[in-house]
């Protein structure tokens, strides 16, 4: 009997420790695991390194985690979406470190980390400031940059449906970084709007096989960042 | 209007040229695109480099292509499945070159080729004869081997269903190498048991997005290597 | 007759005119990534009879137009994080696959904006390098490194009249030698091994008018 | 009492006995890859109340037992290319994903056969290096490089009486320092930084009997 369900978002994130590296799924609000992030804010872990494509908007979700002062460093591709003020303010004040990575390189570094590939050569960013200090090498007459695999202590993602074995389906463009992050987290946690018994999902259509998932939390009606922001919400 | 259908397997492979590198899907008979391979035998191209996990069994499919003397070199992980006699005989006679690659490294090299990753470092095969002559490098205290991306001029694969845009679904463990090979072929050709209009397949469940596929051939009742062999078939 | 830069009156193509001109150059069946903002206009002007497949790097091939205001799905969005729709034949995929399409050279065309384009094809479009700016790059460097052809859509000069087509970029680069062709309000200009080459002038715009507003020589390319 | 190798009578565990012994050491919920051949027997002896998830590297997690003779799907096969079934919760995936599971350390355990295991954990199980052999490796090197724990199931000596647990492998390696534990017909032996260490003797087998058939010293490990 395998059952990866845990009782609540709070139970799922209870062991995230100070200084942990945490991957958080989402591209903008699509795929952002708001309830897991809010549980992490309640839980109190600090000095986190957050690996996520963006930095959140308004005063909820990822932005709220930053605003609570829990994040030491952000690794991302685009930290200044419209409606994003928390990160820019912290960054200008020197209160958060930023490692800027091209979006495709970020995706590939996370995939490599999860796939046991130590490092790879990509043409992206060759000749730009984002290759400064990095090892360069020419393949087929073209300069490539050496990039290293990324792993994290924890991964927090959102799914449309999951089963008790941890198999996950996603919703449209909410999929984005979640499948790779599931592979790269030492402990990978999914919040899913629907949780079903193993054997319910079509084995041909599963996007993230259960081997990559450690904990499944049922969050039946996940909040959306835009709806919370329109309502003027802030967390906590 | 986008319609990648071609009239026949023979039309699909008509421009494969002497000396071409051809990726052929399949793990054993599962996923082996027999009809495309037979059309390639009829077509006559020679001095091919074949990239495929195995070398076929009996006197049909991949084994028949080898037996016809069309293959100069094989890149594979396991060329001696039970029932495989054509390749061993050719190899012992010095009539075909073999590049042996661990199965996971083969998969990753093909993926890298299709994904524009020039090369990567893997721990697989470090300290073994298959790393001889290859560049080694230590990451996190562990020796890794530099492996290069693989591309091909043509890719031949088998799907369960495809649409006119080239989106593909596979059947169970027939999926194996096909999704990566679809990305790494300059011209990627799928034979599918069912061909449907764009918009018919669920966008959440598509395994190979159409951008990776150039030609779709309808082969309604594909032959199975084992069934042909049991019937004592040989091709041509 | 030469018109001095200071007398630059409204002339040449409008934004929509540039978009329409770009659309003419995209063949049926092309896989296209349109950058956020002005490049998105191109989709409105695709000639009848041509079907393009739009890629959005956050994980969708077969993107359709925006839904009606207030409609749509907040988790069906484009790279600009705005709601979109999907077309028949669409497919969803993760970021590693999406950038495999980009980096692996599977997309036929990317249309992007620019801060500067150099005569050697260098592109700067992600940062002015200002000290107080929050650096943000998204998928721009991946797109220019991987997509087969990169078209730039831009005003020929900035609002302040500064040249955007230059000998060498002074802003931080997005990629080296990556631009195929520039579509401005004044002209269509190829980037070639010999530098900028004129393809076409906007209606009512003279070659000299364009050259004066360009920071590097433009070849007239009589062979066209 | 010491028994000389030449008098090696049938003794210790049968194949099935080894498989049963291995199965005892695999916890509930483990993700396991069983090598082709003898290691497959392990699945028959998993204690009641434990559920393992079987991975087959050709692209299935949640593999079930073989179907009845003549039944099954020729495209639902295992890494040995034999027909299998699938269990509730199964998932299909491509080879890159399958080996990401392996190389990325996501599998808890691999049970493999061996030609030789060395006291330093080196494993040789893919080639004898014979000149006329057709080299074939499959996923063996990936498995030993990536899976968290590698159990070897083997007869303690070859049919010809040659030692398989040795000081240093003479056959071409599959991986360096990769073996966690060896289960033979005679004993269970850990591979530790100090070399081979006895875990358990098969019923009726003496330590000396095992040591005489082993090419390197075995520590008796009194702490167990």
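A, B, C and D label the chains in the order they appear, each numbered from 1.
Note that contacts are C-beta pairs under 8 Å (C-beta built on N, C-alpha and C of every residue); 3 or more make two chains touch, one makes a residue touch a chain.
Bear in mind the structure is a predicted one, so any value in this text is a computation, not a measurement.
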Euclidean distance of C-alpha centroids - subunit B vs subunit C, Å: 37
Rounded Å distance, subunit A centre to subunit B centre (Cα mean): 34
Computed distance of Cα centres, subunit D from subunit B, in Å: 30
Shared-contact residues (touching 2 or more other chains) in subunit B: 108, 111, 115-117, 122-123, 170, 172, 203-204
Residues of subunit D engaged with two or more neighbouring chains: 92-93, 96, 99, 102-103, 145-146
Overall pattern in which the protein chains touch one another (line/ring/star/complete/other): other
Which pairs of chains touch, using the document's own definition: A-B, A-C, A-D, B-C, B-D
Residues of subunit B touching subunit C in the complex: 1-2, 111, 113-117, 163-165, 167, 183, 197-199, 203-204, 206, 209-212
In the complex, subunit C residues that touch subunit B: 28-29, 31, 49, 51, 53, 55, 61-62, 86-93, 96-97, 99-107, 145-146
Subunit B - residues contacting subunit D, complex: 27-31, 53, 77-82, 87-88, 91-92, 98, 100-108, 110-111, 122-130, 170-180, 207, 224, 226-227
Sites on subunit B touched by subunit A in the complex: 108, 112, 115-123, 139-140, 142, 144, 148, 169-170, 172, 202-205
Of subunit C, residues touching subunit A in the complex: 56-60, 73-77, 81, 92-96, 98-99, 102-103, 122, 127, 132, 134-142, 145-146, 172-176
